[in-house]
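Report on the following structure.
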C-alpha cells in the first residue's frame, strides 16, 4: 500500500537577493526591495512529503520521530537563525531565491531518506507565496 | 529545473445559483439557500499555481511582482466587490458555481501567462469547500 | 469561578454600503467599491464570548450544544445566504457596516442568553478586518 | 470538463498505537508515548477530494450537501467521540496509525460515491502531521 | 513599561465527561457523546499570556526559552499523550471539562511564574470552542 | 457607541538581538541563537486595534482605507524588507526585541491617529510567540 506522509517544520533566516555578476542597477531592477543591502528576513515554513510503502506490521510509512529528527538535524540546524547569503556555503554564488532554497532542501532530504522514499518539498516564504519541487510531486 | 510557484489572492463577491432554463421549483430543489432571490456572497480565496523552468541567473521561475500584478489586473479587478450574476458578462447564461468560476479564472490566467507556463487554480468558496482545475494539476 | 467560553460560527451574506440620505457622489466617496450598486458579499466569521460562573457539579459555564443552537437559530438563520440590505428589516435605514452588524448580533445574543452572562462579539468581514463590541469585552 | 471538489470535515477520537503480536517492550520502542496504556486522543481533520465531470446544466460536480451528508453519515458518525481501538471493529487487529485510518476512510468514501468519481483522502492527526491516500491523488 | 507576551503550545489527550455522583442517564443527558464510555480525545491548543514589566537592558519581559521550558515541563509533560480521567490525579473526582482544565493550567502556570507576572490562559478543545481564565485577563 | 476595529498587516525584516554594553559572552548567554552575528529574520504579523465612537451616519468607526494607508505609510514602509538594527534609527542603541518593536509601533500609530482613538498593538514574531502593548488593551 503506497501512501504519502507529510511533516511541517519552520526556520527563521535573513537573506537578500543579489547576483554578484550583475550591476547594482540590474540587481535593483530585478529584485526590488528584496535586494536591500542590509538584508531582510522571513519565517520560512516547510512541508516535507514522503511517499513509500506502509509497513503492514506497524502501520507506519516512516517513524515520524525519525523524520522529525532528520528535518531538525539536516534542515533546521543548517538554516534556522542564519543568514542564507553569509552562513550557508551553497549560496556563495547562487541566488537565495525561494526556488533555489526549495531545491536545496529537496536534495538534502531525498539523499537523507534514500531511494526507498520519494520526497517532495513545499517552502513558504510568506503565507501568500510558496514554491514546490518537484513541480507535480 | 522544473518547479512550481504558488501565489494567493482573494476577492469578495455576491452571487446566486440560478439556471434560467429551469422552473423556480427546480432551482430551489437543486440549489437550496444558494438560490436566494436577493443574492448572498463570499470571500473567495484563490491560489494560482504556475509550473515552468527556473531561470538559472535570477533563480526565479517568474517575477512574483509580475504574477501579482496580472492576478490583480485580470482577476481581482474583474470580480472584487462585484455581483457575479449581474456584473460579469461570462455568467449571463452560465451558473455561477465555484466549479465554473474556477474554470473561468484558469482560462484567464493560462492565456495571460502563455504556453511557457502550466497553470492550476484552486478556488475556495468557504474555508471548508473548494475546487481545483485541472483536477490533477 | 468566573470564566469565559468562546464559540465560533459563520454565515455568508451579500450587502452594499449605502446611505439613502446621501447623494450618489457622497456614497461613492465615503464607501468606494463597497457601494457597488449590485451588491458584493462576504463569508462573515463570528466569535461569541460568554462570561459567567462555572457550575461546580458539571464543570460547565454553559452547555455548548445550547450555545451552538442559539447562535444557529438567532444569528445564522437570520443572516446566512441573505442580502443584509434587502432581507434584514433592521437594516432598512441603517448602514450595513461591520460595526453595525456586530452591535446587532451582540444585542441579539445578550438578550437571548440573559443577564446571567456577559456577551462580547467579534465579527470578521475578511480575515484582515474585524470588529468587536463591547470594545474591551 | 474534469474538475476536483474538496470538502473538509473533522472528528475527535481516542486511540493508542499497539500491536498485540508484539511484546510490551517492542510496542514501547516502536510507538513511544503513542502506546500510552490509557489512550490519548486527537482532533482529526479530514479533506475529501472528489474528481469527476461537471454537469453542464447545474455547474456542479456533485451536490455539496449530498457530499457533506455522506461524510457525516459514513465517516463522522463512525469515528466521532469514539475510541478507535475499542469502538471501531476494523481496528480490532490492525494498528490505529494515521496511515491505516486514512486508507479505511478512503475505502468507505470511494465505495459510497461509486466509480463515477475518484476519491483522495487527506487526514491530519495534528496540524503538523498528515497522511494522503492515494499518494499522488 | 508593562507589556504582555504570549506563547502557544499544544498537547493531545483522551478524556470523557463523567460525574460519578450522577446516574448514567443524567451523565448521558448532560454530556451527550462526550460521555462515551471508552473515551474520545482532542488536540488541545494552549496560549499562555504573561503580563509584567520589560527589563530595559535586555528588552525582554521574560526569556521565551525559559517560558517555553516551564510550559513543557509543567504542562505538556503532565497532559500530553495522557488520559485526563485516569492519568491526572487532580481529575479523580472533578469533571474534565475544558473550563476545569483551563483553570488547572492557569493555577500551575501562575504558581510556576510567581507574583511578578499575571498569567491568563486560553485553551482550545477544538478550533471552534475555547475557554479563557481569568475571564477578562 | 464605543466599538473596536482591528486591521492586520505584515512586514519582513532582518534583525539580531545584541546589547552593545554587554560582552559577547553575555549577549550569547542572554539571547542564544537570536544573537547570530550575521542576523536572521522574520515575517512579522501585526494587528492594530482602534477603539472609539462609531459615526452614526456612516456606521464607521474609522474609514478602513485610511487606517490601511496610515499603517502602510508609517509602519510597513519603515520596517518592510529592512534590517531593524541597521536601517531603523530608533534601534541604534536599543535591543530589537519584539517587546520594544511592539511599543515603537504603538507609539507611531497612537500619534498618527490622535487622542480621539485608543490604539493597541499585537505583534507576532512567529505564529507561536507574540506581544501586546498596552498589556490589557
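When the chains are written out, they are named A, B, C, D, E and F in that same order, and each has its own residue count from 1.
Everything that follows uses one rule, which is that a residue touches a chain if its C-beta (ideal position, glycine included) is under 8 Å from a C-beta of that chain, and two chains touch if they have at least 3 such contacts.
All figures in this text were calculated on a predicted structure; none of them were measured in a lab.
Colleague: Could you tell me the least number of steps, going only between chains that touch, from chain A to chain C?
Modeller: Minimum step count, chain A to chain C: 2.
Colleague: To get from chain D to chain E along touching chains, fewest steps?
Modeller: Step count on the best path from chain D to chain E: 1.
Colleague: Counting residue numbers used by both copies over all numbers at the interface, does the chain A-chain F contact come out same (over half shared) or different (under half)?
Modeller: Here the answer is same, because the shared fraction of interface numbers exceeds one half.
Colleague: Using CA atom averages as chain centres, what separation in Å is found between chain C and chain E?
Modeller: So the centre of chain C lies 29 Å away from the centre of chain E.
Colleague: Quick one: chain C and chain D, Cα centre-to-centre, how many Å?
Modeller: Roughly 34 Å, centre to centre.
Colleague: I need the residues of chain D touching at least two other chains; which ones are they?
Modeller: Where chain D meets two or more other chains at a single residue, that happens at 127.
Colleague: Pairs of chains that touch, anyone?
Modeller: A-B, A-D, A-F, B-C, B-D, C-E, C-F, D-E, E-F
Colleague: Which residues of chain D touch chain A in the complex?
Modeller: Touch list, chain D to chain A: 17, 19, 21, 30-32, 94-100, 102-103, 127-136.
Colleague: Across the complex, what residues on chain E touch chain D?
Modeller: Within the complex, chain E contacts chain D at residues 10, 12-15, 33-34, 36, 38-43, 80-83, 86-87, 126-127.
Colleague: What residues on chain D touch chain B, complex-wise?
Modeller: 1-9, 51, 54, 57-61, 63-65, 137
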